[in-house]
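Okay, so subunit A shows up in both of these, paired with subunit B first and subunit C after.
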Partner chain A sequence: MTETGKIEPVLDVSNLTTSFRIGGEWHPAVRGISFSLQPNETLALVGESGCGKSMTALSILGLVPKANGRVEAEHIRFQGKDLSRLPDDEMRKIRGNGISMIFQEPMTSLNPVLPIGFQVVEALRYHQKLSRGEGEKRALELLELVKIPSAKSRFKEYPHQFSGGMRQRVMIAMALACRPKVILADEPTTALDVTIQAQILSLLNELKAETDMSMIFITHNLGVVAALADRVAVMYAGDIVEIAGVNELFARPTHPYTEALMRSVPRSDRDTKTLYSIPGAVPPLTRMPQGCRFAARCELAIDVCRTQNPPLDVLGSGGAHSVRCWVRGNHDLAEMKENADV
Partner chain B sequence: MLRFVVRRLIFAIPTLLAVMTVVFVLVRIVPGDPAQTILGDQASAEALQNMRERLGVDRPILEQYVEFMGGALVGDWGESMVTGKPVLAEIARVLPYTIELTVVSLIIGGLIGIPLGAWSALHRNEWIDYVTRVGSLLGLSFPAFVSAILMLIVFSIQLRWLPVISGGDRATFGEWAESLALPALNLGLIMAAYITRVTRSSMLGSLGEDYIRTARAKGVPERVVIWRHGMRNALIPVVTVVGLYLGILIGNSVLTEIVFNRPGLGKLIVGALGQRDYTLLQGLMIIYTFVIVIVNLLTDLTYGLIDPRVKYQ
Partner chain C sequence: MPMSEPLLRVKNLKKFFKVRRGFPNPETVIVRALDGISFEVQRGQAFALVGESGCGKSTAGRTILRLLEPDEGSIEFDGREIVEADAREMRALRKRAQIIFQDPFSSLNPRMRVGNALAEPLLVHGLMSKKEANERICDLLEEVGLPRDAGIRFPHEFSGGQRQRLGIARALTLNPELIIADEPVSALDVSIQSQILTLLRDLQQRLNLSFIFISHDLGVVRYFCQMMAVMYLGKIIEKGPVPKIFDEPLHPYTVMLRDASPVPDPAARKSFERIEGEVPSAVNPPSGCHFHPRCPHAMDVCRKVYPDWIDVDAERSVACHLYADGRGGLPVAESAGATS
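Let's look at the complex of A and B:
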């Protein structure tokens, strides 16, 4: 796909940096990341808690809290517009319409004092000129599409009358309402128990197959990635450290962090008691190391890792697999050493 | 919902009976002879005895209790020891004044406090927010009778917009509004100060909730996000505070009533206290209990209007 270079991406993010002001200083939570999303493609964003996955999605939609947050980008291109420079009212027309989002917390993401039917209608109302009756009819269809049992009779019920899984279905119905080109799914199943997770994932897969939408699927569960994604971007401390097609990534995980993530996936053929977990923790925003952010936890770290952050290098000739690592990227380490000495 | 109201009123009956009993006992263990208080030190023994008989305080306590409770239940609350008029009639005369003052103050307080609180929350830590917070703090700590006098000076004496003492003539709407304007504004501003503060803090809370982000992510216009999604949820604590404050307001309006020379429960109770009018005091305390029961009931009903999670069991 990418090789032809002919297909226009639906979404193209270039050099996105999202920072927070903490104690009077700006600290980037997302550090100049770039990626693009092809039509009908699912790109998974994976990484540990706090690595900037949600902020990446929120930045695209312009929903980063304005009080202490700041988004900068070379561009975030969508349908010929640069979302990073769009005025508020223009941006509003894109939210929930061209790009919509499903959130991590189904229990708190719906308004407790409004009926769920109304909340779905609301997703249509400000983007499409529909009469009240038409809006309700379409909302009902959507609730049926996401398989809410007896949707008609539950239309006027409130969120507290629904289980977590059902609420997430309502969220999905809202996200799909205007047939968006891109869905940003931020860990839509993390808060749900395993069987419900599987149901929601297969629902998303079905819906994606039936429409031509693209999806950015945020998760820290590599099992989900294997089942759902076409391409995977691995994030660590605000950087994309590796990006590749899903088969390529599972066949040749290259970044030491990706390898560690793979080892920490629970597998049915192994004892879960011996499950590997990556020692150490993600550095906090206010204490980011100067060099490679993973250096403190990396078994392969060498001197240069602690002073300089490696660039994202393309591996091989296809251009589809990139990695950000001094050891595993295409670097002449001898030359590196010389340069570092200068 | 009607069943809920009826049940709540039925549950209020034991409360009322208990309050009546306590009131009855209290009034009787207060030192001093009511007959002496009424007639003064110079009264003859015979006159005192006559008065005691008239008041019924010479009979056995249990008999008095049965008579008091029985009478109260059928609407006979006895006569005022001072004026001799029926207690219920005395209360009924001033009650409408108290109710109208309370309701209009509440409306003024809500109309000012809710938008101001929301505005302040939306401009958190900007100068608007600081001004509002300092202003509402002043409103809370300013003595009601001082602001009442200031209002009289400004609006009645300086600007001459309103009469200093409303004649008590309330035949037309204009006269009614004139007599109510300043007292209601005075209490309304205090109410507004309370409401502004709660609205601000609960609005800050609700605007930080996940469902607000969801609403924005759907492309709902900001105005709708704030009022429909933010305010609906923020109102729940506001109702609680209003409910609590309303009870206090009804009791504390006495200084406002005195400054503006209008009748009301507050003034009646102070008068009854000063003159040891025990029968009137009894009646007033029962009425207060009843008012509190009603205010609590209305508060709970309002919760139900705002929040679907509230169930009327």
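Let's look at the complex of A and C:
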């Protein structure tokens, strides 16, 4: 589908729907999304709270709580396996090994009563069956790779002795431990100060250049997207509404939501006279409207938008830019109108 | 140059906290959260306090309202010293200066209908009868973009953005002249953030409000504020007009902060390579200039002596040895070269 279409994607997600049971009814939080991840590519999933970006990552890893959650997909293909149909014990071999995850809150994702070094070694011993000595050697290498100063002397220290930025580096070291093919990073810099965020972003960029891993980077911050993504998928209320290469997306934001988001962010590098405000708020999961879910907040909305959800259309001939919009996609609006009237 | 007396003049304000820490033999250490800051806020102006966590910006906001008692220094509000003011005088002053908090959920009483919560200051100050207060609250709710009858609801019935509107309405009930806004939009989503910023700017212009706007987000500061001060470990290290500081920052820390702020433009992608180190502990700040361990331009004198304030021009000043006599300041390329 992309410019590098001939190369086999590392991860291919097709028609993924994740629903939650609320008050006895199932409501989709992620609604039939499809995307693929190329080798050594960073794909950013962007959107506001509740758009389904984190749920997408949890669904890929089979971490959606089974009691009230349900994951359905045509397939989630990774290394020839369909993750959506894998039994739990098989899935466990993939988590932290083939695909690993970095979470937003580095304090709550580390065990406070175990030393840092031990926690990095754990994954290595479990997945790669290394001896304690080998494991410790490799763990130390990893802590040095993520640039923890005097890693050797800090190996036996506890999480509370590390700053927020250093803890996030430890989380990255753990995620990298088994040389995964794919890293899912869920807002890994949101809780950090800007100078620390900059350091973590440049570390992730370096690691990506040095290894052949691919990354799905989940964020709400368009600045962070511009700083590290190769390709961007914009999500709104469970749908991917636009997907494009990073330069293309910022140069030609096509979905009205993408465009509105970009005009809503005050920039530090230039004066903003007036800030655009998207009216209203994201509808709650239990009261999603018919048709395009953005229609109620959209300046361009026409009748058909309120009744039918638009398909994800490919723009131009390159196939790299797709948008889900009746007005901005490739639709004959006159014909649409007729159909809607019938 | 300021044309009239400033609304607020803060001089050499200090706030220290005593913290017992360590195990098994705890010792008392002193955190110098605010270590002598001075600035002025003009009427109708939005003044930004900018910095990373732990720089003392929130402590500054609270100390100015005497929600925390200052240890030293003076706070003049409209020409009156408020550090020594007694309780009665303070109550009168609090009508004129209000605060908006970052987290609008934890700053509203969950068991109180929001209309009652909003009316409370009017009744406490004995300004209105209950009936008049209710009318005023309806007007206020409308002013901040909520339905007039929202007052009968409870806080949990509102979304994050709506709750922040309630926080703003609460701050406006007493017609204040100064509002201290402590990270008012950082907990909000982008689309809600721009709604709240637009509302705040509209209110500022219509009601000629002054703001102390506490934030770590440079984009938000550039949009909303006219003057700013950058803080690092309890001290202000640079202050001046917002556009000038963004276009040509003086202090190496300001440069670092600006360069670290990601810009939504892939063409401006940076390597971030000059951004080093972490903010040290305020318990035991580095000798001399607190920033010297992270500063690419640190000289011997920076390690020994804390730099004096240097007025670079009529509006701008900086605390950095690079600007002392005979030294030329930062290399031009670095100050201007955000994206090169």
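Methods note: the second predicted complex is superposed on the first by the 330 of 342 C-alpha atoms of A that agree within 3 Å, B and C clash if a C-alpha of one lies under 4 Å from a C-alpha of the other, contacts with A are read in each partner's own complex, and residues count from 1 in each chain.
To be clear about the criterion, a contact is a pair of C-beta atoms (placed from the backbone, for glycine too) under 8 Å apart; a residue touches a chain by one contact, two chains touch by 3 or more.
These numbers come from a predicted model, not from an experiment.
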{"item": "Partner chain in contact with A:105 - subunit B first, subunit C second, else both or neither", "value": "first"}
{"item": "Touching partner for A:123 - first (subunit B), second (subunit C), both, neither", "value": "first"}
{"item": "Touched partner set for A:307, first subunit B, second subunit C, both or neither", "value": "neither"}
{"item": "Partner chain(s) touched by A:79 [first = subunit B, second = subunit C, both, neither]", "value": "neither"}
{"item": "Which superposed partner A:68 touches (first subunit B, second subunit C, both, neither)", "value": "neither"}
{"item": "Residue contacts on subunit A - larger count, subunit B or subunit C", "value": "C"}
{"item": "Touching partner for A:290 - first (subunit B), second (subunit C), both, neither", "value": "neither"}
{"item": "Residue ranges of subunit C in contact with subunit A within the complex", "value": "52-53, 159, 161, 189-195, 197-198, 216-224, 243, 246, 256-273, 275-276, 278-279, 338-339"}
{"item": "Touching residues (chain side subunit B, partner subunit A) in the complex", "value": "124, 209-211, 213-222, 224, 228-229, 232-233, 306-309"}
{"item": "Partner subunit B, residues of subunit A touching it in the complex", "value": "61, 63, 67, 88, 92-97, 100-101, 103, 105, 108-115, 122-123, 126-127, 158, 160, 171, 174, 177"}
{"item": "Subunit C-touching residues of subunit A, taken from the complex the two chains share", "value": "48-49, 163, 165-166, 193-199, 201-202, 220-227, 229, 246-247, 250, 260-262, 264-269, 271-272, 275-279, 281-282"}
